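Given below, in the form of structure tokens, are the structures.
In what comes next, chain A is part of two complexes: it sits with chain B in the first one and with chain C in the second one.
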Partner chain A sequence: MSTKLNVIEHVMVPDHQIMSEDEVSELLSRYNITTEQLPKIYHDDPAVKMIGAEADDVIRIIRTSHTAGRAEAYRLVIRKPKK
Partner chain B sequence: MALDAKYDKKIEAAALPQKTKDQLRKYLDGKEITDAQFKQILERVLNEYQSTRIEACEAVGIIAAQSIGEPGTQMTMRTFHYAGVAEINVTLGLPRLIEIMDARKEPSTPTMTVFLEPDYGNDRDRAREVSWQIEAAPLHEFGDITTDMENMQVVVHLNTKVCDKRKIAPSEIMEVAPKKIRDRRHYRDFEHEIDEASATIIFMPKDKESYQNLFQLAEHVRNVIVQGIDDIIRVVVRKETGEYILYTEGSNLKDVFDVVGVDTTRTRTNNISEIAQVLGIEAARNAVIHEAVSTLNEQGIAVDVRHLMLVSDMMCMEGEVKQIGRHGIAGEKESVLSRAAFEVTVNHLLDAAVANEVDELSGVTENVIVGQPIQLGTGDVKLIAIRQNEN
Partner chain C sequence: MPSPKRIGQIEFGLLSPKEIREMSVRKIIWADTYDDDGFPYPQGLMDLNLGVIDPGLRCKTCDQKASDCPGHFGHIELAKPVIHVGYTRLIRKLLRVTCRACGRVLLSPEEVEKVVGTEDDLTGDLLSEKDVKKERICPHCGEQQLKINFEKPTTFSEVMVEDGKKVEHKLTPADIRARLEKIPNEDLIPLGINPDVARPEWTILTVLPVPPVTMRPSIILENGQRSEDDLTHKLVDIIRINQRFKENQDAGAPQLIIEDLWELLQYHVTTYLDNEVAGCPPARHRSGRPLKTLSQRLKGKDGRFRGSLSGKRVNFSSRTVISPDPNLSVSQVGVPRAVANEMTVPVRVTPYNIEELRQIVRNGPTRPDVNSPCGANYVIRPDNRRLRLGADNLDTVADMIEPGYTVERQLRDDDVVLFNRQPSLHRMSIMAHRVKVMEGRTFRLNPAVCPPYNADFDGDEMNMHVPQTEEARAEASILISVQENILSPRFGGPIIGGIHDHVSGIFMLTHDTRWFTKEQALYLLRYTKIERMPEPGKVEDGVEYWSNKQVFSVILPESLNMVFHASSCQNCDTCKKEMCERDAYVRIIDGKLESGTIDKKAIGAFDGQVVNRIIRQQGMKRATKFIDDFTKLSIRGIMLDGFSFGIDDEDLSKTEYGQIDEVLKNAALDVERRIRIYEDGQLEPMPGRTVEETLEMQIMQVLGKARDQTGQIAGRHLGLGNSAVVMAVSGARGSMLNLTQMAGCIGQQSVRGERIVRGYDDRTLPHFKKGDRGSDAHGFIQHSYKGGLNPTEFFFHAIGGREGLVDTAVRTSQSGYLQRRMINALQDLKVAYDGTVRSTGGKIIQFEYGEDGTDPTKSAFGDPVDVKGIVESILKEEV
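Our next item is the complex of A and B:
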């Protein structure tokens, strides 16, 4: 009946953004890490599907944090392993 | 008076968290200060912030474990409380906390808090209507069911008044009922006849000889869910902070989101794995924090959110909610010794030996086991002397 659920609008879902290649390389050099060391998110995650990200993209997540007010987190999109 | 633009800019540029910036702005708002004073204030705030940050190489995991574990000992072991909200029984206290940390697929008492869109939330009758769309209602609530033993059939007379009140057409019920008995209840040994005019359905078992089958059929007919969502056993409508909110016993986030009038931006469930499926891992992370904080607070235990955030972050690192325990975080550690030190020691050592695993001795537990300095605090720093030219 209702329109398709927009996951992004739910209060529990923070803002997800796809990062550009420049932003990613800046991020990796700032923390001196590789993308593999980032937390992961599955490619079939509802929020990832919503913003249209694909495997190997890095996503910036802007959380409303209890402690800092606003916090940025990053996740690498990976394919969901088959069980 | 708004804050001076140049100060505002400087605060924005400072390396401070958003919350501290906002607090500082609020504090300075309307106060007469000179440039020198402002500079001093900002410097002090910066220093204070830096000194409260956690040091590198600090063992935050251990601190979190202690900080949750100690107050946890004071929690009620078993609670048969009604959660205060609308007579719906909810698991609380230690059992609930264990449930959250174990990342169970389904909590022992799933419940939902369904918020309504403004049009529905402000009107008691319309809120009630939404609740009927959600609450699972079996067929016997909509009419009289008689088991006719003489003709070997089950006759259902629908009560059109009840149907009207519940906003469902008798024809819809008559169509749904036989279908649901076949699909959801997996009982197929019957035939049915629909009489639209008198709102009657007649069910006949295929086997005309067996009374057992007839009664079995009657039981299915009585209890088949014809309106609402199958998993949601009960709905309670309550008025809170000026709007009507539905509390449910049983949870099905996906189907509830499809009901007209439900506010899909605020409605939530206490089933974390369901949230991970429908709303994604980030929402699940928030849900873990929210559930853990509210469980602890309900018991009057104050644990700093930072510890729970760390736990939640660890659980949601790999893209799905993982339990704290040997099937989750503790079981996937790199080090063999560390895993063996946790649970099922022999199995881990045996498997590691078979798989020819190597322990790099880079963590804390394994170094304690072999008796080396651990890589934490001062133990983490390595000094390398660079020989200067000696002439």
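Our next item is the complex of A and C:
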């Protein structure tokens, strides 16, 4: 018998959310960028797997920040190249 | 914002023999360079078709002069193929994964697909040696494979089993080349090789390119002899051996000799390409120095990349020893006249400055003393010809200049220059100063700017650079002047401020209350351009007196209000405020120092609360003036009383020595008592520790306490009349611990935080009994530096001191490498106008700089607004 660890519930794992298409297009126009210019995250990242995001999704990560209190970051999910 | 041009792809390939012959302008066959008349041999290594280096000659290929001809490649036809050392690993891989008979990859198409993926779904993986089992049978032709051994640097052999014994059979480069030729193009793609640009057999050289003479120029020594470049020497070797090889081959020499020569040719080609290959003795110059061949030109710190492309030597720079001059402003730098005469600023001639520049040209290149106006060294004509000014042509050139000319004027006072000290670890390591031409041979700087450069005057040297364009000068004075860099982005406080004697001096000047006559007060304030004195603080017998706090207040801005605790504050439970007997409660009301002592907390580098507040309220310019003022005031303050330290300043009286002996004796007894308790088995271990650890901790504690007690005893005797105490209390240098060690007791020496235990069996030195746990057997030094150490103590002290030295050495090398990697990773990032941090490709690294978009130099120690400071400054009292 084994209990599976849910990384999302761990205190040190920040909140990960999948962004809707509208949110993504708003994000891209806000920073005047393409998805290629976003920071990346691998599709097999434990938190990404847990929230069920697929490659080419954009993820919003909300962290508590030393400087700002709350900080949002966005990442594009990409497939991890083998090796 | 996309970068102007995006690189689509980069193709890496090999030069094919065909390409080498095509780009070659001449086949080289003679090992000789120049004939007796100094003329290059045709088809020799210095053939005129390969470009020219001698002035006057013209290139036979492009018909250009030495300065314009870029040089052209030639080639050498090798008698037999040789391996290129740079590709031995690739060759080994190819030999191991392909069939020795048919040349196909030793995997079936299905097996290849498993690793590489199908055509539409590539995994991104490539075939590696590990994917092929050793000594298997070829799936295509059924040939039994043999194990391939590779011996550094360039020997390949097949292992055969003959009569049950393993026999190594050597492969010649020609054999290898034949095998590589057999590999079909389709099989190369899953191996990560594009056969269009890199056929594997091209890793075996059959023809060698000869680089143009322009990249291996010969130099003519003073005695008129020619000295050839290392590359030329190596090429000579290659051609000689190649020639001999051919002769022997044609004469039908025995196989053994041919093989030897082949190996020799391989050795020369190998060292020509890389002279630091493992398993290969480096080729040496006649003097014994290893030759610097092709790969050595590129590699390492002084190689082409790090030495010539990422960093280069520059003109308009100078370097000399630095020394202090407290009378300079922090934004100035004293430049020796010899340097100022040599370094120049180009000035374009316009109708508005022509007369001034004519005069400068007339002044000529020699400036007799620092007060004479600057001269000029060169005049550049509109056709870019340079005229060097000498005593004979000053007037003619002065009359000649007109708009369109440029005059290279010498450095003069108030020119902007960049000043730098290595290692340049942060941006304050290069700052713009204003020139002050001085006599002497050293750069002079105000000691208050030492902290950002991390400079001292024990022989440090610094560099100066002269910006050559208006843009550069504008950037230098607006962005990187000392004035703009008082605040460090590291912690948001002033990094420039008083050090050492500035702090001691201002402490002695402002401590308690003293009264100065007008003469004394004016002496103190001589260098601070004050317009009028404040009203005298008191008049006695008709003589006007100013208090020390009044004198200091003169240099404060009038609207300054702040309350804080000085460095000398002992953090008492209840603050006595103005009644503090240490005078540590600083209150500045309307620019008047009402109470308290100015010390490190107020004006010191890294702390400097007053400096910080002035920057926030009045700006950088006023703060610079304040720093200039207090450095001068404090130096004069310290000169008023004089400040020195001698061996007798560590003297205590008989009573103190008696007390110290008493304390140490008691401590030794206490240690012995605890050891006895331990030996009797009565010692109660602390939670989570063994009995031994508990004992060690107790002993350390007892001895540490004993040392502190001796310090307190010494401190009772040494008051503010003692210079070391003044320095420790004001925060200028040293601490009371240093003083304790000088006058009281040095205390326990430690290695890795523990008492010293290493040495002999169960003892540190043969002077002690085995198993002695006493204080003196494990590095407790009960004497003071003044009193002197006994031999065992001295030895323990050396042990403890060595640990510190090793730690610093290790730390600097590690942090230096870390810094290098950090800089390489972060150097091109910048904050865009929308507040994001982006790379040059426009990729976002941070969505908001530092997550809060705050510039640390403009924040108040991490907070956007210093609420407390503002409230205090308005209420004029502590909150």
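Heads up, the rule we're going with is that the second predicted complex is superposed on the first by the 81 of 83 C-alpha atoms of A that agree within 3 Å, B and C clash if a C-alpha of one lies under 4 Å from a C-alpha of the other, contacts with A are read in each partner's own complex, and residues count from 1 in each chain.
In this text, a contact is a pair of C-beta atoms (placed from the backbone, for glycine too) under 8 Å apart; a residue touches a chain by one contact, two chains touch by 3 or more.
Only a predicted model underlies this, so the values are computations on that prediction, with no experimental measurement involved.
Looking at the overlay, does A:P39 come into contact with chain B only (first), chain C only (second), both, or neither?
After superposition on chain A, A:P39 lies in contact with both partners, chain B and chain C.
Between chain B (first) and chain C (second), which, if any, makes contact with A:Y31: first, second, both or neither?
After superposition on chain A, A:Y31 lies in contact with chain C alone.
Just chain B (first), just chain C (second), both, or neither: which does A:S20 touch?
After superposition on chain A, A:S20 lies in contact with neither partner.
Looking only at contacts as defined up top, I'd like to know whether chain B or chain C touches more of chain A.
Tallying touched residues of chain A, the top partner is B.
Quick one: classify A:V48 as touching chain B (first), chain C (second), both or neither.
First partner only.
Tell me which partner A:Y74 touches in the superposition: chain B (first), chain C (second), both or neither.
second
Between chain B and chain C, which residues of chain A are contacted by each of them?
39, 65-68, 71
Note which residues of chain A are touching chain C in the complex, please.
31-33, 36-39, 65-68, 71-74, 81-83
Given the complex with chain A, which residues does chain B contribute to the contact?
Listed in rising order, the residues of chain B that touch chain A are 17-22, 257-260, 262, 264-266, 268, 275, 277-283, 286-287, 289-290, 305-306, 309, 313, 316-320.
If you look only at chain A, which of its residues touch chain B in the complex?
Residues of chain A touching chain B: 1-2, 5-7, 9-14, 16, 39-42, 45-48, 61, 63, 65-71, 75, 78, 80.
Which of the residues in chain C end up touching chain A in this complex?
So the residues of chain C in touch with chain A come to 123-125, 834, 836, 838, 841-848, 850-854, 862.
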